[in-house]
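Shared between the two complexes below is subunit A, which pairs with subunit B and subunit C, respectively.
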Partner chain A sequence: MFGLLAWISYFKPMKFITLSLLLLFTSSLLADIVVIGNLKNSNPMMSAREVQEIYMGRKRGLADNAIAYPIDNSDLRQSFYKHLTDRPIAQINAYWARLKFSGNRTPPEIVSDTADIINKVKANKNAIAYINDQHVEESEVRILFVIKNNNGTDKD
Partner chain B sequence: MAQIRIKPLHHKLVLTVVSIMLLLAAVTAGLVYYYESEHAHLETEQTLNQLLDTVSLTASIAAYSKNEQIAQDVLSGLLKNTVVQRVEIASHEGFSLSHEKQSLPIGTSVVRNLISPFNVGEVIGKISLHASVNYNQEKAQQSTIFSIIISASLIGLTTLIILWQVKRQVSAPLSFVSNTLHAIEAGSVKRILLLNSHKQDELGRLGRDINALLDTLGSQFDAERVLREKVETAEQQLRHIYNSSSAGLFVLDEQGDLSNYNSTFTRILNNTRQINENLATNDLFKNLLGQQDEFALLIKQALASYQLETHDFPLVEAGRSAPRWMHCLLSKMIDSNGVVVLEGVIFDVTERVQNEEVVKREAYYDHLTGMLRRNPAKMQFESYLSNNPSANACFLLLDLDGFKQVNDTYGHDAGDQVLTIAAERLFKCVRVNDVVCRLGGDEFLIILMNDHDVSLKSEVANKMLESISQPISLDDTNELVSVGVSIGMTDLRLSKSTNFDTLIKDADQAMYQVKNDGKNNYQIKS
Partner chain C sequence: MSKKLPLLLIAFFLSPIIQAEGQYPDWSVSGFGSFSYVGTDTNSLGFIRNRTQTKSATKSGEGGGGVTTDSRLGIQLDVDFTESIHTTVQWIARDHAGDFFEQNLELAFISWRPAYDLDIRAGRLALDTFLIADHRNVGFSYPWMRPPHDFYVNISAYHFDGADIAKQFSLDSGYLTVKAFAGYGMNHFAVGLGVFEMDMPMAGLSLAYETDNWLTKAVYNYQHFDTEIPNEPLLGLINSPQLNQVMPGLSALESHVSLKDTNLHYMSLGTRYDDAVWLMHAEISYLASDTSLVGDVLSGYMSVGRRFSDFTFYSVYGVAHGFHKNVDIPTPVVADPQLLGIQSFLDVAVNNNTPKQQSFSLGARWDVHPKIALKTQWVHYWFEENGAAYWRHLDDSIKPSQVNVWSVGVDFIF
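Entry: the complex of A and B
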């Protein structure tokens, strides 16, 4: 039901500002998070585990042996990791701090703007990112994984 | 009292206690070592687990991210700990690393699964920590040494205190009592000094008891000394009596060997030198008494009976013609030691025996001729007959012819001389066993014992006629005189009697027949 409302607010933003704000609010509260990749990404649909392993640096390769380039969405980061690892973001940061100290790993690039994210995904064949499903344009990116029943954005 | 080297009580006590304590300490050390070995293992395990707790998250991250660098850091960090001997870390889908300090045998190991930091319950790797055996042993040894030092000092200190107290409270006072008692001679008036500090305890009682015993002992000593003096006096008196007795006293053992004697005994035997030299063999004593068999018999009798056995023994001595006679009394006694002995007394009875001999001689023999008198001759004949009932015996009754004439002409002395010489000649005509008897005056009886040969009596009679008829030279005047003899004979078979008087009477009749027929001849009873 929330998905339907979000969809409506996406198509009529200008006409119903109040409504759309409300809808935006509610949609961001209720929206699913979608993990997306480049259209050329030949990977089949991913499992939650695969997404986790790529984002936590455990698994680097994609299906065609290319090295994945994960991108963090600063707006959704907390709920994304909460959902994937059941860990607070502080621990995730600490985790990456350790890996960074060892010298040969880097955490995913953090990007704050959804459009930027989409552009980066479009530009890099191996890029993987996550965004609210309302921003997804299936002609632009491939949906690799859907996290249902997202509780809201990190910023709220 | 024998001199025994005293080893003080507390030395022995010290030795015993210290030995037991050392043993206890050794056992304790063994137990502690065993316990500590076990305990060290657990402790090491605990330490290893704590180390794992510390690094588990980092290790999990390393395993999850397959990051060898982090794993290396974890390993080298763990190895810096002294407990850790060897570390292994493995990620299931990635690396497998192990670090080791030295190649030492492994004592304790702890293995733990590495859990994914993001997916609860998912095992993604393994980490294992190993401690060396030496570490456990060293720990156990250190603990053991420490506990030995503690227990040894405690035990040693306690022992010293106990020993010090034992010596002060028991051993020293006991030594004091012992040394004092050791120095006190039996019967002396010295007593053990009672210590004030021990009046109420066993040592005080010991002292009092010892003093009481010493008192009793002292009075017993006094009583015994008085008694001993009395006994000594009595013994001296008895010995004096024994030695100065006029009887020869002696003691024989059961074998009849001389074991003791008084001075009178040697004086009587008059042979002190020999006795002293031959005390051991002492056959001398029996030899001295001459009749060994009879002496042995006397000993046997004395041993068999409880009566006083007596016998007279001639004392045979070299250089003395007549023996001295000893009257010997023997009686069996059991001495104070329960040994059977023979007590003996000897008296010198030589004079009495000699007197008896004289009397006996005078009673038996004719003083002038040395021939048997009538009664002894009769006794000898009768005893011969009773011993030889079937024997024959021949009676020759002799009467000198012309004796009265010699007697009347030359006097009694000449007559006696004729009788003496005639007797000598008659002795020569008969055998030793034959009886030669003077019936009285110039009448003689010859009994030829066991005369089987009929011709013997005639032969003897002829020899006598021949012998008597030889002239006799008188001592005083050197004149020659001649006498004859008339002989009447009979024997048991002829007289058909064994009666001595009957036989004499029969022979007498035959002799009178000779006198009537012209004398100086013989005739057999018809």
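Entry: the complex of A and C
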């Protein structure tokens, strides 16, 4: 994509559009990833370890002992797991292949549309998902954890 | 594929006990596969991945294997009826003795999760006796072409029909899972005497402790043989009055060629470490058996791998050592070639069932896509005398003491 933008920038009349697109991509890439839950989710703010354990299938219970329902965001999946586990997505897939095809665990549902993800979290008290912070309406969902994407540090 | 048909069929049968809520029922279809080629440098021994296989890989392809040895395609249907009731059905196309549909139905169970840390499952379940036993068909989940041969070729079954219950405990920085299982295995095997159905009640207990990078598992598994191998040809020879006259003491071998009503006890300890760069697996097991056809076996392996970006390079050392003592086959009183042939045949049947082999492997995995991996592996095997018990004996020639096996393939999930 950046190659395409560089190519477009050779045409002076297009410079404004190029700059706008670049800013759009940059802001998207630098956006924080927020882990969200249902408004009725009684969990306090979660730690990176708790989020990791739920998304790797080791921990299944929430604070109220309900069974967590994690949702993967296909657009952010690679970045999310890289921050959380320092593993590339091929390793995450291999890890879940072991658990899923032995019949032991069900991996997080993968959803591609942010609006769908938010709707699923709103509809299910035990759902946990992650989206870009630009899409969060705190009147709709609870923020449980934030992954700072621009400098790699997390805030609890 | 119609999304509604399988769902409706299952929902129809389970609807009386299920009250659908919100997003449920929710279902998905997924799968895994491997396409590989295996070659060796001998024609007298056939390489098999598992004793259930009917074909074996050889130098010239006479064993009929090669492509079928490591290739398979699995498809899985998962249905969540509620947040705590789930069903899984998995079928795998692969080389397996017996009925192609029934024996390849690997999973077909319903699970109930009454609490977040408690699982109860009933139906057809994968045998969970060792570290990799319940996902050994899923090549994409491990670095090798196949689980270490010295250890896993002898695991007597892929699945059983029964139930298990697993309880998870939070312990220090990890999770301890205690699982008990019991059921009945009906698995078909290919042996030198033909294909036979091995029916066996079984029960076991496993403890698994998992932290970020470690998984350690200890298992005890008891199995009892309810059925007999097709030993009629052997018994016909052993109990022949004429043969007993020229081979005195032959009838004393009868107890050495029977499996029925004997017991197996598996005890194993395994651990896996994976920090995203380094990868280590190690397992050791002791198999205690009442019969010479199986014998007591100590086996183990250690594998170390290192990842470099999308590449994983690994080595494996494996060993399987049987403690079966050689049974003397009576020597014919006259050196008749036909009688010497019978003596040789009985010697193979009685004394070639206990392994004495070691192996060393080098291999590589290349993750060309998040769901596709290319693999290659070279394995060198050493055998002691009569030690190639985990191989098909394809002719009467003197067996080699060393064999090379190489393989290339692709593993994927979808």
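What we mean here is this: the second predicted complex is superposed on the first by the 126 of 156 C-alpha atoms of A that agree within 3 Å, B and C clash if a C-alpha of one lies under 4 Å from a C-alpha of the other, contacts with A are read in each partner's own complex, and residues count from 1 in each chain.
Operating definition for what follows: a contact is a pair of C-beta atoms (placed from the backbone, for glycine too) under 8 Å apart; a residue touches a chain by one contact, two chains touch by 3 or more.
These numbers come from a predicted model, not from an experiment.
Quick one: subunit B and subunit C on subunit A, clash or fit?
clash
Looking at the overlay, does A:58 come into contact with subunit B only (first), subunit C only (second), both, or neither?
In the superposition, A:58 touches subunit B and subunit C alike.
Does subunit B (first) or subunit C (second) touch A:84, or do both, or does neither?
After superposing on A, A:84 lies in contact with subunit B but is clear of subunit C.
Between subunit B and subunit C, which makes contact with more of the residues in subunit A?
After superposing on chain A, more of subunit A is contacted by C.
What is the contact status of A:102 with respect to subunit B (first) and subunit C (second): first, second, both, or neither?
In the superposition, A:102 touches subunit B and subunit C alike.
Quick check for you: in the superposed arrangement, does A:124 touch first (subunit B), second (subunit C), both or neither?
Only subunit C is touched by A:124; subunit B is not.
So, A:66: does it touch subunit B (first), subunit C (second), both, or neither?
A:66 contacts subunit C only, not subunit B.
Pick the subunit C stretch that clashes with subunit B in the superposition, from 5-13, 41-49 or 203-211.
The superposed arrangement places subunit C into subunit B at 203-211.
Can you list the residues of subunit A that meet both subunit B and subunit C?
In the superposed arrangement, which is not itself an observed complex, subunit A uses residues 52, 58, 85-87, 95, 98, 102-104 for both subunit B and subunit C.
Quick one: in the complex, what on subunit C touches subunit A?
22-23, 26, 30, 32, 74, 76, 78, 80, 83-84, 86, 88, 90, 107, 109, 111, 113, 115-117, 121, 125-126, 128, 134-135, 137-138, 140-142, 168, 170, 174-175, 210, 212, 276, 310, 367, 369-371, 373, 413
Across the complex, what residues on subunit B touch subunit A?
These residues of subunit B touch subunit A: 58, 61, 64-67, 69-70, 73, 117-120.
Write out the stretch or stretches of subunit A touching subunit B in their complex.
Within the complex, subunit A contacts subunit B at residues 49, 52, 56-58, 84-87, 95, 98-99, 102-105.
Tell me, which parts of subunit A touch subunit C in their complex?
Against subunit C, subunit A makes touches at 52, 58-62, 65-69, 85-91, 93-95, 97-98, 100-104, 106, 109, 120, 123-124, 126.
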